[in-house]
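Pasting the structures here.
In what follows, chain A forms one complex with chain B and a second complex with chain C.
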Partner chain A sequence: MKPRTSASSQGPRGGRDCAWTVLCTLTLLGLLAALPAEAQEAATEPAYRAFPLIGSRLAVWAVAQLHLNFAAFILGVPIFAVIIEIVGWRTGEGRYDWLSHELVKLTFAAFSTTALLGALLLFLFVGYYPRFWTYMTSIFFPTYWIYALLFFAETFTVYLWYYGWDWLAGPRKWIHVGLGVLSNLFGTAILVVANSWVTFMISPAGITESGALKGSVWAAINNFTWMPINIHRLIANIVFGGTIAAAYAAFRFLAAKTDEERARYDWMGYIGNFVALSAFIVLPFAGYYLGREIYAFNQTMGITMMGGFMSWLWIIQAILIGILFLGSNYYLWLGMERIPGSERYRKYVPPMLIVLTLGFMIWATPRSLVVTLDEARAMGGTHHPVLGVLGVMSAKNTVVNLMILTTFLSYILYRRANKVPTKPWVRTGMAVQWAAFGLAGAVVVFYGVYGYFVESIVRIGFSVYQVVAVLGALVLVMALDIPMFRGARSTGTIRWGTIAPRSQYVLILLAVTFTWLMGLMGFARSGIRQHWHVYGVMRDTSVDAVTPALGYAANVITLVTIAFFALVMFIFWLGGLAEKGTASAHGHAPAPAIAGGRAPDA
Partner chain B sequence: MSLLRSRFVQAVLIVVLSFVALRWGIRPPAPWSVIQIYMAVVVMAVLIYVSADSDSWRAFVRPLWSTLVDPDKRNVRLACLVVLPLLLGYYAYTQAAARPQAPPELRAVHPAPPAAIQFRGKEIDISGVDNPLRKDPAALRTHVAAGADIYVRNCMYCHGDNLDGKGHFAPGFNPPPANFQDPGTIAMLQEAYLFWRIAKGAPGLPKESTPWNSAMPAWEDRLTEEQIWQVITYLYDATGQQPRRREAAH
Partner chain C sequence: MRVPVGVKVGAFAVAIMGSYTYFANSIPQIESRPPQELSLEGGSVTPAQLVKAGEEIYTTKGTCEICHRIGQKGTRAPDLAGIGGRAGKTKPGLSAKGYIIDSLLHPGNHVVEGYPNIMPAVDKPPIALNRSELWALTAFLQSLGGTVDVALADIPATAGAGGVGGAAAAAVTLPGDPKAGQAIFAGKGTCIACHKAGALGASPVGPDLSQIARIQTPEYIMKKILDPAGSGTVAGYPKGVMPPMFGQSLTAKEYVDLVAFLLTLK
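Entry: the complex of A and B
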């Protein structure tokens, strides 16, 4: 394997990044050390201070969302970057090593911004919500130290991982891969610690009636929604990282001057989308688990979230996720054009599109209808007898499972587009695969319909059977597909770089949609607490103690999303500048050419 | 038939037929707000259909391009120049013109209950209390009968003798009284939720999602705690629905 980018080629900018991150971390630690003194003085302090012009809540909201976007990116990307590095290491294909380094480079560029935003968020809490922060500190102070230490460990491991790319190449590659794995473990641990604070605010545990810690802090950490959010955020971070990396690749593809560059970034975009899609397929299951746990924790909170004033939020969510499903599939279908032999699978596109479209429509059917008086009279009330059937979870769970199956089918067809299997058991294998798809679809539809005839708690249990059927089909089909197409006859090599440019706009659209969706879900998670800082324990008595309307929230989310992408573009542009300025001076190794699905240097 | 093979014509036909099916195929008519969502999805899907491969996209764009630039399409261009703005203008007029009816309203189906309520000086934990009458299965039929009596005396006039929300006074209310036969109402709720709604009625509805415009009286001054549980027991028994049970805590 050819040695790749020289670490020293990062030049002074990399050093500045490092210095910034360390400075932020030290500031954070200094602030943490000062917190007990801060807490003693809090009794004499006002409960709130007003942030100039926009108010404290909006300031915290915007910075928190931005920080979470960046944090999700820098935690999500290394997860698949290390997997890609391992693939490159084991197969000896240089392009995977290049891609992994490219991905870590993106993470690296965003690292200091994440730390800066985190520090800013902490300042805002301490300065503008002193009583709330004092209370949180009284519960979680021991975890602050763990968080800070993990942050140090994560920072230095990632820096070593990045800068040691060439130093730890060749026979020492296993150490390098180990560093990647270790940085992911530290990153996930950071996520899990921070989640304990935010989930405690939703579903407090381990405290007395007056809100004081009863025993160990572990009871407060291990609260009702902690583990569901850990799982949900971990998966969502991978999706988010994949979409942002794919959007970056799309941007580079559209700006590419040469065919070789176009081919390279086409491939990178494909991998980014593949990663996002793979994690996205299981994300609805994690989301459903989280929603179910919230409902089980507190009916009021569950109803506020699903049937109350937030019910239309889920229609917007359904529309966004529908766009993600349609967009991901569309990208795969467009991508098949660059694969010789894919023509034989074109006929499957219209039926798959019909399933996705109908599924999208049913998922976006509201239960709380917006109706005029005339329409209500025509319907005999505010409830529609036909649409009402589609507006409940039985219908929505059914279609989302069918959409997942369809998306998986899209991927399977893409995967085998230029391959003709030669194994003697192909017919049987194919039959079993189709049977698995059919059976899973039948199980999903059966329990979806049966769900209308049983009580709520039984119906909720049916969703587990639907999920198991779909996941079972996914595993079985993939387990057969891999050996079946091993050593298959090729109908031609993939013509990387020849994909229609509109596909790249789809990748950018997916990234923007997912970022907006993250903002919306953040609003939902925070909004269900209504007028509580810590639900049922610490009331919000500030001037902002009103849950904002969905329209207002949508405007804030949109502005923050724009700010996030502006920052991301700026950071990536800076990264590009560094590349241009130092590449030749430091003997920057050329990126591998991507053509025909294999790199020539492999 | 060659016209039907045109990608552009196919796309227009799919959009038009979908609109016809959604607008006139669903009975009673679906609200306009839902049709708008559905049509947006259909248009998105049609655009994907025509552009999912380059040949198809070229075939779709060709008539549009030809209309815009071909010299022999001058008359069609002029017609479009007149007709399209007129159509948009008419649409704008229909949206902006004043109509003698209230604007559309978004109603939350299930208002969020408080964690606890005060009932005649006693605190009742809405997020944790279960129907106490179900603890003694032997006496359940007696409670159901008592609940039926209470229902007929107090609730039937609005909610109907079939519990379908079509009582004597129902046509006078907007929104109409709840239909308990609908699997989307009491079957989705825990019994404590019904206790809150019956005890506190419209005056006890939360401030969010107002105006509720509900005519439901607060029954806490007229019915005892046991009577409210009895009528709840009757509602589930008479409709054949099961109350939502609590899930086990982890």
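Entry: the complex of A and C
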């Protein structure tokens, strides 16, 4: 393995980072300790205070979204960073260790900013929504301490993981990997605790009719949407981390001055996108689960979310997800051009593009169209006589499952682009794989069409069959593919660094789109509560109780996303400055050669 | 001139977000506004006014339209066309208004065959209709093929108890003295000249405030005293009668005492 930058070489900057994070954590703890007194005080205070100029809601919205973006990044990236480290450890390939360290370095730079934004968010709640925060404290106070302790544990483990990279190399590598795993466990636990607060606001549980805690705080934590959001956020964080890491690599690729540098960041971008895509494929299933639990908690809330004033939000979501699907596939197809032997599979690209494009169009078809009165009269209503049929869940569930299957097929073709299997059972294996794809597609289409002829309550259940068919195909095809291509004959090595530069803009498109989508979903999660701080328990009586329209929300999301990327670029730039300084002063170890290296199995 | 990579990437990212933002601004812009509280208690309301108010509640705060249709079979909930006529024949011993009121308060007891048991009690949060609103909504439903004969007294006194914001409203405790506030009500405030408050006063000029703390939020009561015109007028009463000068004529302590007294009227 290549030597890694030593802890001492990171000295001054690392010390500043550490001091910042510890300072933020201590501030947070101090504030938490003062909260009971604060709560007493708040009881005699006004329910709300007005944040200067922009108002309290906008201030909280912006800081919360920024905090969530950073938190998603620093929680998502270490999950796959440790997996990549394990791959490097077991295979002995130094480039995986280099990549893992590179990814943790990115996380590390954003760590103190996340803590700072978290503290700022808490100040805003305590200062501008004192009555709301008093109520939340009356329910969740014990969890504040758990959160703070987990934060300490996470901070120390991550710092030890990062700075101990050289110290715990060689025979002690297992300890180092253990630290990575531990930091991920602490990070996930932090996410789970914070999710309990946010989900309680959507689907409160364990309280009396007047809002007081009935028994243990566990009942309030374990509310209807807690576990679905835990799962959804965990997966989404991995997607988000992957897209940001890939976008970082894309930027470095475009700015690279040597072929070697281009090769290295081409490979890094590929891995980032691979991670994002792998998690992204299962994200819609987690979304179904969350949606189902929202309906189970409160039908009115579910119906308001999908068919009420928020219905158009899902059209925008469909467009964004469609772009993510198309972009991810396009990147894979472009990537195949740098793989000798991939020519065999080019013929599959046009039909896959047709499926994805049609799927995108159907998914983004609204049920009710924006039309003039004359147009509505001519159509006989706001539902188009033909296209209106495509605006319902039966059609949308069907196409999203077909898009998932197509994307998976793209990946399978990419994976085997420069390989020719030599196993004697190849013909059977391939036939079973195609049959699995075909059967899953048939099940998806059958239940999609059948859904038009049954009541909605029956139709909702059909999505489960569709999901099971697709997941089953994914698992079966992959289970066959791995042994089938083990020891396969190579048709040439991947020419890393020779990918078309436009592919790197695709990676940036994916990162920007997913970040924007996260902002939109944050608005959806918060907006379904409408004029309630805690749904059905604590009413929002502030001047901001109106849930804004999508245009306003989009303006806010865009501004915050721009601020997020500006901050990220600044932090990465700072990180780069420190790296340059330490590299010259301490003789930074060169990154491993990628170009002409062995094609990654990933 | 060579454009730096950072500028190209930045412009590209802004263009992507700009297109999403443009699209989001070009589709129907629908806001979700908090529903207004309706108070009819103590007021003289005609059946026509009541039905009109009920129809408004049906389409707005009651959120009934999310599942129910009138004259069209719904997939989630039954068609309500003619409910006023058939309600009296649905359950033996239960009058039309009795059936409708109980269906609104305890929907699980009256699930129509073929439909799921998904309707929430409308007097509980998050819908949280108050007694006045339940009265008006019942009148509207009776008007769909039946005779409007529901009176406020038909609505159980316990209905709508949770409809004022739950913990938020319950948590409000003012430092005022309700006893002193009662004196303000009957004396310096001259409220008694127009309003009744339990055993206090009998004037029909303004709405009866005997249960004002049950049907209105503390925020509303406080605002109403200081800004009567800006807080709306109870249906059935003339606009602009309540004087707007209490913010000047009452001291801070007297104002807080008066609010504390009004919050005892449940």
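In this section, the second predicted complex is superposed on the first by the 597 of 602 C-alpha atoms of A that agree within 3 Å, B and C clash if a C-alpha of one lies under 4 Å from a C-alpha of the other, contacts with A are read in each partner's own complex, and residues count from 1 in each chain.
Simple rule for what comes next: a contact is a pair of C-beta atoms (placed from the backbone, for glycine too) under 8 Å apart; a residue touches a chain by one contact, two chains touch by 3 or more.
Since we're looking at a predicted model, the values are computed, not measured.
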Identify whether chain B and chain C fit side by side or clash on chain A in the overlaid structures. clash
Thinking of the overlay built on chain A, is A:562 touched by chain B (first), by chain C (second), by both, or by neither? second
Look at A:319 in the shared chain and tell me whether it touches chain B only, chain C only, both, or neither; answer first, second, both or neither. both
Just checking: does A:455 make contact with chain B only, chain C only, both, or neither of them? Give me first, second, both or neither. both
Tell me which partner A:536 touches in the superposition: chain B (first), chain C (second), both or neither. both
Once chain A of both complexes is superposed, is A:298 in touch with chain B (first), chain C (second), both, or neither? both
First, second, both or neither for A:413, with chain B first and chain C second: neither
Just checking: does A:307 make contact with chain B only, chain C only, both, or neither of them? Give me first, second, both or neither. both
Using the touch definition from the top, say if A:254 reaches chain B (first), chain C (second), both or neither. second
First (chain B), second (chain C), both or neither: which does A:545 touch? second
Among 110-118, 182-190 or 218-226, chain C clashes with chain B only at 110-118
Go through chain A and flag every residue that touches chain B in one model and chain C in the other. 298-301, 303-304, 307-309, 312, 315, 319, 370, 455-457, 530, 536, 547
Given the complex with chain A, which residues does chain C contribute to the contact? 5-6, 8-9, 12-14, 16-18, 20-21, 23-25, 27-35, 63, 66-67, 75-76, 116, 118-120, 124-128, 162, 164-171, 173, 175, 217, 219
What residues of chain B sit close enough to touch chain A in their complex? 26-34, 37-38, 41-42, 44-45, 48-49, 51-54, 57, 101-115, 126-127, 165, 174-176, 179, 182-184, 187-188, 190, 192-193, 208-209, 241-250
In the complex, go through chain A and note every residue touching chain B. 224, 292-293, 295-301, 303-304, 307-309, 311-312, 315, 319, 322-323, 326, 330, 333-334, 336-337, 346, 349-350, 353, 356-357, 360-361, 364-376, 378-388, 391-392, 452, 455-457, 460, 500, 502, 530, 536, 547
Considering only the defined contacts, which chain A positions touch chain C in the complex? 43-44, 47, 131, 134-135, 209-212, 250-251, 254-255, 298-301, 303-304, 307-309, 312, 315-316, 319-320, 370, 455-457, 505, 508-509, 512-513, 516, 527, 530-541, 545-555, 557-558, 561-562, 565, 569
